[in-house]
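As structure tokens, here come the structures.
Below, chain A partners chain B and then partners chain C, in two separate complexes.
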Partner chain A sequence: MATDPAVRTVTLTIDGRAVTVPPGTTVYQAARAAGIEIPIFCYHDRMPPLGACRMCLVKVDRMGKLQTSCTLPAADGMVVSTTDPEVVAGQEAILEFLLINHPLDCPICDKGGECPLQDQTFRWGPGRSRFVEAKRDFAKPVSLGPVLTLDRERCILCWRCVRFGEIIAGDDALKGFERGFTSEINTPFTLPVESKFIGNTIAICPVGALTSRTYRFRARPWDNEPVPSTCTHCGLGCAVWFDVRGGEIVRTRAREAPAVNDIWLCDLGFFGHDYVASGERLTAPLVRRDGRLTQASWEEALDLVASRLRAARDRAPGRVAFLGGRRLSNEDALVAARLFGEVIGTPHRDHRVDAPPGGASLEVAWGLRAPLEEIARGDVFLLVGCDVTEEYPILWLRMKAAVDRGAALLLLHARRLEVRRHARWERLVRADRLAAETGALADALERGAAGPPPGLEAAVAAIAAGRRVHVVVGRFALDGPGGSAVLAAAVRIAEHSGGVLHVARGKGNDIGAQRFGLLPGAGGWPAPEILRRAAAGDLDVLYVAGSDPATAVTDRSAWDAARRGVGFLVVHEAFLSATAEAADVVLPSLVLPEKDGTVTNLEGRTLPLRAAVRGPGAARGDREIFSLIAARLGALFTYGTGDELFEALRAATPGVEAGAILPVAPVPARLAGDVPAGAVAAGAGGGSAELILATIDHLFTQGATTGRCRGITALAGAPHCLIHPDDAARLGVEPGALVELATGHGAVVLQARVTDVTAPGQVLLPRGFDAVSAYALVRWPHAVVAVTVRPLVAAAAGGAP
Partner chain B sequence: MSGPPARPLGAEARAEIARLVGLYEHRQSALLPALFVAQREHGYLSPEALAGVAEALDLPVSEVASVASFYRLFYLKPVGRHVIQVCTNLACMLNGCAAVVRRFGERLGVASGETTADGRFTLRTVECLAACEEAPAVLVDEDRWARVTPGDIDRLLERYP
Partner chain C sequence: MAAVFRQTVAMLRGLLITGRYLFRRRVTAPYPDVKPPVAARFKGRHWLTLYADGLERCVGCELCVIVCPSQAIYVKAAENTPERQVSKGERHAEEFQINMLRCIFCGFCEEACPTGAIVLGHDYELAGYTRASMIYTKGMLTEPYPGASGRDPGREV
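Entry: the complex of A and B
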């Protein structure tokens, strides 16, 4: 056989056909490449072979026994049969064996119709069983938390789910327990599974052992119409299928996209669609009459909005401002920018509704500065104030793959991350120390040989040795005390190491809003300034779309003052959000899964949206609403089809192509100042004034959308704060007890979780729980305040609901 | 699992586990001996003890619990002061272990898997104590008893107050 030493290949014969493959290819992969199907259960091409199920048997000349093709490397001259009678007998035997304890629940099993065990039994099975003994009997189904159901009788112990947790997600969520005949997959003590990726195990389980609690018994797969679209939760833009049945999204699945999410999703993506079909969607416009919001026709509402906009414009275009964009499509953003920029002529537009004044979030363009695929090839990841699994879950899967190949994960944050077990270096500091610590790290790197200060050695050594360093700065760092100092230090670290600096900031379609004109124009005000001017009476109309500032603005009082000070508030909303409740006109709008168009992910990549379902009642798409208003102001936007709109996007921003990355603006070399590093606003004083309060991001929350997704709401749990065991002991706070957090500005009551995830002297409060207004406790310009914690003695101690 | 366990491992156990970790190239290798340390201290492997071992070894709790569940010498539920394990595998079965199990049951008033009301003994049947040459074999705590007959049992029990 001719073998060129430069391009070495191996050639083998499978079912009489010569197949040439690179060395290291398994017989199974070689067969698949040649279009020859071999049945498998345990093998999964995103994980190394295991050889657990023995379904993939083949016969190889001169090898005594049948071989598992998934573990067998192809060799030159090998002669393989997948159809030999001995193979057929082997396959039948394996299937008969797998089925002896299988309950054959097919009629009531969610997997039915898309079940490899069912399909392979049909194609390769023996047709009858000799097994007459009693089958293995397990209590079933077992609930493993709000989204996962386990049926141990159906499990064929292929270990895919276990290995997913070990190899892909790194969360070790599911494991094998007991042994032999009593082996089972489970969590320790059948506790709720702790994972942000468990939906993937449901997807790769080759039987109905792992099923989704929210999809259970909702549909048969052949009844679903799959619609390809994009997840718009965290901003990474994972490719999804929305499975639609009866006009409702019943399930979200991963759609293969090698450059973005590969074949995975996080659980927010998997279980975050219920809100679309919520019965609380707004279906008709609302107009405030005699102080109350009452239903109105579109004509009436639009006429009113247009007349107020016209009056304001006639006074001065700058008396109108626009806030929002996160929940708009690229096309919506473009049309909004034209309406407010060209037709009304106001430069005051901003999507950065959750950015505090003077924070580093307002100084840089948001987004990643390298493709996810390049990040996966990194050898050092320094995460500064970025909780990767809570904020950008799929980004973690890329990093995990790199860490397994030897990349160093370095963590600097005011909370301990769940991925810390994979980290080479971890530094937990109070929020008010983050800037100083990042600065110290940059200093130590630049000093080089001088020897880093104690505690920083491992980080300095890893960064100094790194060849493909990625520095990721998150929202917590950018908007915390000394955010500009953190950013400046991160820029120095990236420069010194020749690495890439990522600004991990933005959710939904924030990057599209940033790109297509929802940023201040010349002389325009950034979002916090828009609010300040509104409060001061400098605005006649405040127009909000694709955002809920009442819960997103990080100082609740700033929003309240803006609302009081502005004459007329218009809101596009899908729900009667806190912002909508305070509005003068509420226009019912579609949500992103109901839209055709595009969004832009954190990489700057243009991704497709396809309307999976129709909106409720008279709700309309945002860009249609903007166009109708523009028409009333005398401007005709004539975008016919979606294609024309996409052409308009490409004309507005050269370089925009479907599926491709157009990088976001580089990080400026010089950065403006902000709140001095370490500054903490004085609190109410007294008792525990040495405690500070900071807000953090959680993946699972209870906001306007997530609060209307059953699985997500349950995963989020009750509103809570995190308090260090030392502080809890000092203050007499029992784990799970209700506490009152009070600052000089407000107080909230919630559950205390006692955990060393937070630093001593620091209480962490997850944002995104609408029932507890974290931002009522904070007053700009301070992101961190002194706080007192008072245990509510009579409350449900230990009662974690 | 976040936060410290409700009843953490004692300082002594943690020091011993730290010493064990130093003996091996990979920290996973210290898992079995560490589980014995925790079991000796807590009497059995409670969820807290497992969490403590996981923390001490920097391993996932799930992995620690999974390994502990695989081996019969780790107890995931409370046991009596003494644990009697009677082999019921082939060699012992052929040599009359059924009568031994029955006699233990009668004397102690418990079935296999149960603990006497006074907390003195837990009775278990197990597969293979690796003592086929002296079947029927019985393990009490860490003592192995060979060729046990029903008649031996009264005297045997007296040795374990």
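Entry: the complex of A and C
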């Protein structure tokens, strides 16, 4: 039977079995679907076939030579053999060739025990080598940056890693160099590798050529107990395996989750677990005595906290406030909300510790308004003030897949994004122009035929033609100058295009905290107001859990004032953070990888947490601490098992199901802070300033947790700021030089990177470097901050550009 | 009467065997004053051997760990640095422990070892007063000088 388009299947015979598959299926895929194993190296089912390694040879009737099954489309009536003696000889020969230059150093190779080359040589290889000549000799190991190690001798040149960078991540982090015998994989210009996703190349390298620097020699696969859990860094909630050896997480691997991260992770996920095993973890409660924090028993600490809470409640419940939630599980958040809402009765609870007053972050619920899988089917992505790879890396992989299929990527930000070469339209504006520019785009769209202003044509055309438009508004836009106007304009754009508006805001389990009651109740104050009232002496007890306001509040002085003004500060912390140092009682708590329970990701999806390791010393889970305090206040929370707690979650919020999405509340059509487009009032304190300061997000930072992860700290590099070359020339700032950034409120000293990824007229300062806090320079309610830059010394020797 | 006769004969036959052995070579030894020799292939206490230059043979590959049927071995590997080159190549065993109470002296570890690092020697006097003392650590297992275990330190593997 000839191929009949109406039937739309092809039937072929593999090893005597009839296999029916859709047209376009390769012979390899057909065999796999039928449960027939064919060895592969270069083929990877998330990428198109390449045919580089020749491992997948099969014999096909009436075809003269052996064929590579990964590239061969199945055709009707094909008769394929995977076991023919000719195939066996071919497989042996290929393996013999692959091993000619292989160093055979499995005993010292980290891949040993989980290596496809090892396994396939064992199963399909010739068993003996005839090669006695000298092997190719490369210097090894080569360090390709802080987390990646390359062994060129082991590389079989399958190109998986190179193609991952081209096809999946779009960052071209690794490339092939030279030809033939001297071929090698390396980074362009042999610089440290630039990628947010390089851990994935380690995972898909079929040999031990690419290995992890942080996991190096720490364990064999058989030593590790894999624990399935969820990454809780950026808020997308990628599924992970924590590999545990000797009570310590030694590495993180991606766990397949088609709806969320597929099989990928970002490097923050891969290398962001060291902090759990840090020797600086708090192991016992601390109570302030005579001005110093000293160790105390749990009994003593809890009694003290309970008595202060009782006293404050008896005065007025509203004299207690709760801040935090990002680092709590859903269950913790629920119990916290019950303790403060029901038992104490205060409406002043907020997890949005890092939102400034007057910013749009306080106006809308945070979260994506469509599943990641739907975003992957989008045809227009407009990112407004959202640096997708720095904030939500895995979201970018979804967008990249869509962009490859022709979707338009439109960027509007105060910095050039790493993904800009995939963009159809890019607009770089100074931070205080973002609202006006977004408004102009909305206006142009609504005016339609009138013809868009110059520079906006491509964006307007793409959005007008789009049928599945996704507008993503990020933290930079929401909390920056005119955040409400940006949001209002974004709402108009989304409405006009019939698209979806996503509020890309929230890290860790912020969405879970938002969902399970860590938002202001009736008459409750949002976080900035809580701080203001604390400073004014309106609070007796400030209770902080799952947050580090001293470094997260975007005005350091507002936090300091709040601390001074409040009588009693209680903090749950894993480390002696800046907040803990200032507290009256510090209760040592577990971190999320040590907890059982659930978290909610940015889509509103409920995801499982499983305790990978036990906490240090006497540290306790947050929800246990809340329950113990509630008991002292006369309320017994009787949650026995995790299942009971999950039932309580479902009772609190109908629609919560494990693994399923419960959408975040929609963005209201008319927003409180709606400002007419184009009429953006520059915030006080610097409307006409020559140079303004804006804070940007980095994936790799040096905070309380990330600063305690070897790989992440190294990836983050030194604290720095970004200055445009024009400004640098005017101010005499050399690339890499130390500069002093000063505002009316403070000054910091850090390295200047001179680069045109920032717009002229502004200095971009990454947040998350606790040693150099941007928030010391900011004073609420100013959104636009004028800054002066003073070079301190000429470029430090060896200072990175 | 007949019974008495039968019993006497049986006793004399027994004594005859005793008498015969009285003049044979002794097979028992007054241990511990005299230690019986063992066969060359005897498998006793392990040694971690050294190359002639003093570098450790063990590269911390954990093949002995995975092959050991009684899960007696624990190895934690680490990286060699130019300042601290413990073995040849990139990797060495930072920690190496054998639980002698679990070991069944099968010799699989010696068989699996790719570098000939671990060998079972001839020492069988392995008693201790505590369980903890029966966990032999790397310091106890490493031969005191190249060749001390009897293994030729010049051998490649």
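Details
Methods note: the second predicted complex is superposed on the first by the 773 of 801 C-alpha atoms of A that agree within 3 Å, B and C clash if a C-alpha of one lies under 4 Å from a C-alpha of the other, contacts with A are read in each partner's own complex, and residues count from 1 in each chain.
By definition in this document, a contact is a pair of C-beta atoms (placed from the backbone, for glycine too) under 8 Å apart; a residue touches a chain by one contact, two chains touch by 3 or more.
Bear in mind the structure is a predicted one, so any value in this text is a computation, not a measurement.
In the superposition on chain A, contact of A:T653 is made with neither chain B nor chain C.
Of the two partner chains placed around the shared chain by superposition, chain C is the only one that A:D105 touches, whereas chain B remains out of contact. Of the two partner chains placed by the overlay, only chain C lies in contact with A:P141; chain B stays clear of it. In the superposed three-chain model, the partner touching more residues of chain A is B, compared with the other of chain B and chain C.
When the shared chain is aligned, chain B comes close enough to touch A:T755, but chain C does not. Shared contact residues of chain A with chain B and chain C: none. Every residue of chain C that touches chain A in the complex is listed here, in rising order: 59-63, 65-66, 76-79, 89-91, 114-115.
Within the complex formed with chain B, the chain A residues making contact are 165, 171-179, 187-189, 194, 421, 725, 735, 753-757.
Interface residues of chain A, counted against chain C in their complex, comprise 105-108, 112-113, 141, 216-218, 220, 222-223.
Remark: chain B residues 1-4, 47, 50, 58-66, 69-70 touch chain A in the complex.
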